[in-house]
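Next, two complexes with subunit A in common: one pairs it with subunit B, the other with subunit C.
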Partner chain A sequence: MEKFITKENLNRLAAELAATCRVLAPVADCGTVTFRRFQPGMVMDLHSRMAAVSPKAATFPQTETLLVVKREIPEKKPEIIETLPEGKNVVIGCRPCGARGKLIFDPVYETDKIKDPYYLQRRKNTVFISLACDRPETTCFCHSVGSGPADPSGSDVLLTLVGEGYVARSVTPEGEEIMKMALFADAGDKGKEADAKNAKAREMMGEAHDYASAPAKLLARFDDMDFWLAQSAKCISCGACTYMCPTCYCFNITDDDLGLSSQRIRTWDNCMSHTFTLEGSGHNPRSTKAHRLKNRVGHKFSYYPDLHKGVIACCGCGRCIKQCPAGVDIRQIVNAAQEYAE
Partner chain B sequence: MSQLDDLKTAIKSRLGDLECVIGWEQGYDPLHATPLFIRSEADLDRLIIGPLAVHNLATYLTGWKGKKVGVVVKGCDSKSVIELLNEKLINRDDVVIFGLCCDGVVSQRKIRAALPADPGFVESVEIGADSLKVTVAGQAATLRLDDVRADKCRVCDTPDALVSDFLIGKAHTPAPAPSLKCQDEFEAKSDAEKFAFWQETMGRCIRCYACRNACPMCVCRDYCIATSRDPLWVSQENLPSENMMFQMIHVSHLAGRCTECGECERACPVDIPLMLLRRYMNKQVRDVFQHEAGKALDQTPPLLTFKVEEERINERGW
Partner chain C sequence: MNANPYLPDMATIVEVIQETHNIKTFRIVLNNEQRMKDFTFRPGQVGQLSVFGVGESTFVINSSPTRKDYLQFSVMRVGEVTTRLHQLQPGDQIGVRAPLGNSFPLEDLKGKNIVFVGGGIGMAPLRTLFTYMLDNRKDYKDITLLYGARSPADLTYKAELPEWTSRKDVNTVLTIDNPSEGWEHKVGLIPNVLLEINPKPKNTVAITCGPPIMIKFTLQALKKLGFEDQNIITTLEKRMKCGVGICGRCNIGTKYVCIDGPVFTYAQLKELPSEL
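For the complex of A and B:
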């Protein structure tokens, strides 16, 4: 289905959907742009810049309560309450790279053996209305990881800015359902203009880098700690890259004691942290930031692709590069491994 | 010779004795610098200095403890080196300090606000004596350096490195502003307004600990009580209250130690104005202990020592 929606109507759409769903949309937030729960009266900021944090939280919130344990009096048996996420979510105005993050989650969170009910429920109940990019940032490389500035995969509706509105294209039946709302008008022949814009955006990205050799080349550097010490020298081992990343799916589980009750929460974990893979004995197989960065880069560009049909666990959004306090560039690290002369 | 040439000559003279010298090079685009670890003369060619060289490289020194390294520091960064030395966190013999006389650095946030398009679309940058000519998304803009300078540079009274083995550049006569408008305005707010501000702002915090790890004085790092699981002092739940709790831990552990280098605020990926807390704490420390961290060698931070009677704390005044 192809339709057209004006800028005003897109904001109205967010307000209308907010009546029945949890709508996440990019809004101006003290000089930056973040995804916030949209309330009628708010104005979306779709164009000034890509949201600082990815829309990952829609399907994988930073804190998820897995269960709650309640005990009214100490003698009584505690009551265990499961807390599966309820309600529908709509993400409006994320970029295609942000929407694609969940495609990396899927093969991990839904296998023959293991199904993660929390993730799957949110995944099923979340619709992504993405906005195609019209110009690449210096940190963008979606075209090198099998995607592009107008990639519909992962989205339910893809919008392309044309004049004072957006050409909307449905990607899934859920997206088509939303596009039946009266706020969407006939697209006329604007589709051609949208195609031309999308083609131009792709052209501006230039030639894609070929990561085909990356899995093997990174594995070849696995025991070369000098390589990883040099690559990780400027890393300060914080979690900005992982928390900004649309595809980072590792989590931690904590039982929070709240007196007579407690809650089991799942929170984003961060492979650059000392506590990541810290064993009960106090031993950590990844004892230094060089080991940790090796794992972070290796996981995305080598181990994951080896396990999942060659798919690179990166959407090329560039957030880890531009939000890194030290300017660590993951592209440079993978390139260095690919170009390493034995 | 230019300041950069002088610096390169100085580094070259010592490079052979050192594991590496930490400086800056151009980063992923012409608007961003990134730390450079110089190990050879070829690396030295990539060295840059100037208004984009924002990182406080003293942050890396504790990670090299026991090895001999060189570090390039601006005036503000040199205060961090002094504080690390005063707290015996690094050895003076292990560090060769290449001190700069600094003309100030930029705030990437102010540049972002001043440009006609997102700095992500930057195409070229020309650095002039007092301006930056930036082309973004096909539009050229000339920014006055004075307009996009980091806040810390406005109140800086130590532009020239306070400790160094080589001091490079022309000495300055600093003319710091007495205070920062943003700080004065914030402190004039009522407690309720401040509380509402932090409630809202800490909702944006993602607890990535970039502020902590970018801080040269936050030396616990891997053993921070905010990430300890046993005992669990701070919940991992991402709530404004827990996030603020962590910030309070950070601020109080830096009382009398913070040199106001501003790295915490610069590192924050979601633009939380953390320096509002730091500057307030430092003011209290100045008032009570008449102490400024990193201003002189051989000082002990007031909370790392003990006096039977503090001159300005009236303990038995009842």
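For the complex of A and C:
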């Protein structure tokens, strides 16, 4: 389905959906753009720049309660309550790369043997209305990881800015359902204009880099700690790269004691931290930041692709490059491994 | 396991055994009788024990699947969860998620000579397989158990040692690091005693678990004795959280210790990137 929606109507759409769903939308906040729960009256900032954080919180919240355990002290019989997520979510105005992050989660969070019911429930109940990029940034490299600035995969509706509104294209039945709302008008022949804009954006990105040799080349450098020391020299182990990343899916599980009850919660975790793999004996298999950066880059460009049909676990959004306070660039690291002369 | 892999079964502690100054053994029974009856696992598999309000930690199930009255775990006190576990008494409630992980290759071990080499708390996973083999004794040829600890007081499963050392159908050798009054067994580091016992590698599988430094020298000793990499089995201990291959905590390259392990042959370990 192809339709057209004006800028004002997109804001109205957010307000209408917010009546029944949890709507996440990019808003300007303290000099940056971030996803916030949309309330009527709020102004979305869709165009000034890509949101600093990814929209992954819609399907994978930074903190979520997995279980509540009620303890009746006299009887000593605790009762466990599963707290599966309820309600529907809509993300409006994320970029295609942000919507694609969950495609990297999918084969990990649902296998033949194991299903993560919390993730799967949110996944099923979240609709992504993405906006195709018309001005790729210098940190963007989605075109090199099998995607592009107007990639519909991962989205339910894809918007392309045309004049004072957006050409909307449905990608899934859920997206089509939303596009039946009266706020969407006939697209006329604006579709052609949208195609031209999308093609121009892709052209602006230039030639794609070929990562095909990355999995083997990174593995070949595994024991070369001099290489990893050099690559990680600037890193200060802050973890910003992992928290901003739409495809970083690692988590911690901890308990929160509330007296007569407790909660088991899961939170985003950060493999760049020393404690991530620290063992009781004091032994740490990833004792330096060089080991940890090696694992982060290795996981995305080598181990994950080896396990999952060659798919690179990075959607090329460039967030880790932009947000890194030390200027670590994941592209340069993979390139250096690929170009390494044995 | 429940359909929700994060949902523990409630269990009651039925017995607590003080093994050493910092190791206790817990015997537990699932509260749901049917689930307890249906509970099956293979030697080597682990479980996550929960103390609600404190957290969850990984321990190997060290009772044999052939003895179904309870599930047994031995816990060394090292941090938050293990300290709180040590405070629990019979009748107290804990959560269990089990069984998790892979297991010893039982089928491949049939008809073989077996040499167990255990150090300290590393005896726990070996105990599971050892008692399983005692209960299916005819399926295996010669069985040797070499079990060492720093001192007599550091040996776990003391209640069972008399049986293990007196049985005629297994060769049990105990050792401690330094001489101690009244000690009637060997004195010496595990790898040295292993060389002394001198097990023949032909048709033999060695299974070892213990502290990293002991494993390192035991592997060297086994190589010196002529054991091939695929006939040496060990279990790895990595930090784990989810236990089901999702949380990303326990990987070594493409392998996840929680689902691809914890049991690996030395040949498999050599294939992995060197990040132990």
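As a working rule, the second predicted complex is superposed on the first by the 334 of 342 C-alpha atoms of A that agree within 3 Å, B and C clash if a C-alpha of one lies under 4 Å from a C-alpha of the other, contacts with A are read in each partner's own complex, and residues count from 1 in each chain.
Here is the rule we use: contacts are C-beta pairs under 8 Å (C-beta built on N, C-alpha and C of every residue); 3 or more make two chains touch, one makes a residue touch a chain.
The shown structure was predicted, so the numbers you read here are calculated from the model rather than taken from an experiment.
Asker: Taking subunit A as the common reference, can subunit B and subunit C both be placed on it without clashing, or not? Answer clash or fit.
Answerer: Taken together on subunit A, subunit C would fit alongside subunit B, as the superposition shows.
Asker: Between subunit B (first) and subunit C (second), which does A:274 come into contact with in this model arrangement: first, second, both, or neither?
Answerer: Once the two structures are laid over each other on A, A:274 reaches subunit B alone.
Asker: Looking at A:52, would you say it contacts subunit B, subunit C, both, or neither? Reply first, second, both or neither.
Answerer: In the superposed model, A:52 contacts subunit B only, not subunit C.
Asker: Touch check for A:254: first (subunit B), second (subunit C), both, or neither?
Answerer: After superposing on A, A:254 lies in contact with both subunit B and subunit C.
Asker: Touch check for A:77: first (subunit B), second (subunit C), both, or neither?
Answerer: In the superposed model, A:77 contacts subunit C only, not subunit B.
Asker: Classify the contacts of A:108 with the two partner chains as first (subunit B alone), second (subunit C alone), both, or neither.
Answerer: A:108 sits against subunit C, while subunit B stays out of touch.
Asker: Put simply, what angle do subunit B and subunit C open at subunit A, by C-alpha centres, to the nearest 10°?
Answerer: 90
Asker: A:237 in the overlay: touching subunit B, subunit C, both, or neither? Say first, second, both or neither.
Answerer: Touch partner of A:237: subunit B, not subunit C.
Asker: Which of the two partners, first being subunit B and second being subunit C, lies in contact with A:222: first, second, both, or neither?
Answerer: Only subunit C; A:222 stays clear of subunit B.
Asker: Scan A:326 for contacts with subunit B and subunit C and give back first, second, both or neither.
Answerer: first
Asker: With the two complexes overlaid on chain A, what is the closest approach of subunit B to subunit C, counting only CA atoms, in Å?
Answerer: Least C-alpha distance after superposition: 5 Å.
Asker: Let me check the overlay on chain A: which residues of subunit A are in contact with subunit B and also with subunit C?
Answerer: Residues common to the subunit A contacts of subunit C and of subunit B are 252, 254, 256-257, listed in rising order.
Asker: Hey, which residues of subunit C end up touching subunit A in the complex?
Answerer: Residue positions touching the partner: 3-8, 10, 50-56, 76, 78-79, 91-93, 95, 211-212, 237-239, 241-242, 244-249, 251-254, 273-276.
Asker: Along subunit A, where are the residues that touch subunit C in the complex?
Answerer: Those residues of subunit A that touch subunit C are 66-67, 69, 71, 76-78, 80, 82, 108-109, 111, 114-118, 219, 222-223, 249-258, 262, 264, 269, 271, 276-281, 283, 285-286, 291, 295, 298-299, 302-303, 306-307.
Asker: Residue numbers of subunit B touching subunit A in their complex, please.
Answerer: 20, 27-29, 32-37, 55, 59-60, 109, 112-113, 118, 120-122, 137, 201, 204, 206-210, 212-214, 221-223, 227, 229, 232, 235-239, 263, 266-267, 269-271, 273
Asker: So in the complex, the part of subunit A that touches subunit B is made up of which residues?
Answerer: So the residues of subunit A in touch with subunit B come to 29-32, 34, 48-50, 52-53, 62-63, 135, 137-140, 230, 233-234, 236-240, 242-244, 252, 254, 256-257, 265, 267, 270, 273-275, 318, 321-323, 325-329, 332.
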